[in-house]
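Lettered A, B, C, D and E in written order, each chain numbered from 1.
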Amino acid sequence: MGFWGLEVKPGKPQVYNPRNEQGKLHLTQATLGSGSGKEKSVIQCSVEGNTPIYLCSLLPNKTECCPLNLEFEDEDETVEFSVTGDRSIHLSGFMEDYDEGEEEEYEL
Amino acid sequence: MGFWGLEVKPGKPQVYNPRNEQGKLHLTQATLGSGSGKEKSVIQCSVEGNTPIYLCSLLPNKTECCPLNLEFEDEDETVEFSVTGDRSIHLSGFMEDYDEGEEEEYEL
Amino acid sequence: MGFWGLEVKPGKPQVYNPRNEQGKLHLTQATLGSGSGKEKSVIQCSVEGNTPIYLCSLLPNKTECCPLNLEFEDEDETVEFSVTGDRSIHLSGFMEDYDEGEEEEYEL
Amino acid sequence: MGFWGLEVKPGKPQVYNPRNEQGKLHLTQATLGSGSGKEKSVIQCSVEGNTPIYLCSLLPNKTECCPLNLEFEDEDETVEFSVTGDRSIHLSGFMEDYDEGEEEEYEL
Amino acid sequence: MGFWGLEVKPGKPQVYNPRNEQGKLHLTQATLGSGSGKEKSVIQCSVEGNTPIYLCSLLPNKTECCPLNLEFEDEDETVEFSVTGDRSIHLSGFMEDYDEGEEEEYEL
């Protein structure tokens, strides 16, 4: 199902609901967005009602990208990604088809 | 089962017991918490009675996050995460359901 | 099927169509190309018509390489990789044969 | 089988023999130990009689941890980890049970 | 089959032919070798006749190691690793036995 990407801007949280998606999301990278802000940007993830957890913290002109390794599939809860700081953070990864395993079985 | 996160504060160790959980934990990231402390923070992990092992060492304004790759499942021992330094460390990752494999088998 | 590599130069986007390939691409690394440019280079990925997403941002003489973890297989959409900045970015990874799984099954 | 950790001190090599262990070791992280030494520390791995290979090189106050990805299982040779430099290096990872796969089969 | 390592020196390319090996190579790390050279070292990989692709770029006293994720197995082409710059680069990883999967099947 291919490439997946999402830009999260400061002050504009974005919701991801795995139940609405056709596949399993592998979230594998975070990269600082464009802009001239010099302060660090932090991306956080929260599950309904819980305190947000920092996923990574990106520093302009020092560390502008960081590998991640998170998976979200159809039994999983909705999460909210939010950014604090001067600049947006681009999340990227890929979607894996749910019936991939099944197809392989049929070949038997 | 989705996203998993835990903030560990300096001087306040947290216990994780895989036997009490519904799934297998993939612990995949550590990120420095908020605050103005300039000293490095180190997160350690110890298995009952053993000397703590450093998992990663985060430096304010230089290296504020680091990928990890640890797995904890129901046959595994209880571990204690603790932080030394000025600031908390946020751990994140995801829980994988134990019966995922089984369900796939039933489709046969 | 082995090693896979692609140099993407600033202003010269490159298209990757998984349907034209004999295997599944694991894109696992980005490294800054040669040159004397001092400005950062950013590699972006876009799926037809969508806003490009930053995959990573490389800083000359500071952070010149970054691990990635993206997968592209035959059901996936065509993507376009492009670079903004002074220098090219080398992408690398490996191709995994589609019939690897099948062969293993035949051994049953 | 859970968390695995080992502190390797300068001048005190440590042997790891996978044949003596109950599971497969995934060695996934190296972190600089405590101390005031300012010189870099390098962890090396050697297989009996062969020249040691550098696994990673940690720089105090700059890069104090680095992800690794090495696996050691019961058919594998004994290795020796050694550190050169001012400070110890903490290795961490997890042990995977050998009969995990089997148990899953029995569920069929 | 265990640990795998190779030191590649500047100006002395090394060939790796997966067909001559007993297992599948997972190449997972690159680390700067010893020496006093201050210039960056770049490791490249090329498949017969093709332009070399940069795998990673290591900076003395700044970024001396970098995780990789490349796989080479018996159907794959011969590759050549070469280094440009002042110092050697140590590659490390592990070999996975080809008949591991088969053995598991026999247990059925």
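Operating definition for what follows: contacts are C-beta pairs under 8 Å (C-beta built on N, C-alpha and C of every residue); 3 or more make two chains touch, one makes a residue touch a chain.
Note that the coordinates shown come from a computational prediction; the quantities given were computed from them, not determined experimentally.
Engineer: Quickly list, by label, the chains bordering both chain A and chain C.
Structural biologist: Under the touch definition, chain A and chain C have no mutual neighbours whatsoever.
Engineer: Rounded to the nearest whole Å, what is the centre-to-centre distance of chain D and chain E, using the mean of the C-alpha atoms as each centre?
Structural biologist: 19
Engineer: Could you give the separation in Å between the centres of chain C and chain D, each centre being the mean of its C-alpha atoms?
Structural biologist: 30
Engineer: Give the residues of chain E touching no fewer than two other chains, as numbers and ranges.
Structural biologist: 62-63, 67, 69, 108
Engineer: Could you read off the chains around the ring in order, chain D leading and chain E following?
Structural biologist: The ring, traversed starting at chain D in the chain E direction, is D, E, C, A, B.
Engineer: For a test of understanding, state which residues of chain A touch chain C in their complex under the given definition.
Structural biologist: Touching chain C: residues 1-3, 5-7, 26, 28-29, 31-34, 61-65, 67, 69, 90-94, 96-97, 104, 107-108 of chain A.
Engineer: Spell out the residues on chain C that touch chain A in their complex, using ranges where they run on.
Structural biologist: Answer in residue numbers: 18, 40, 42, 45, 47, 50-51, 53-57, 59, 62-63, 66-73, 75-77, 79, 101-102, 105, 108.
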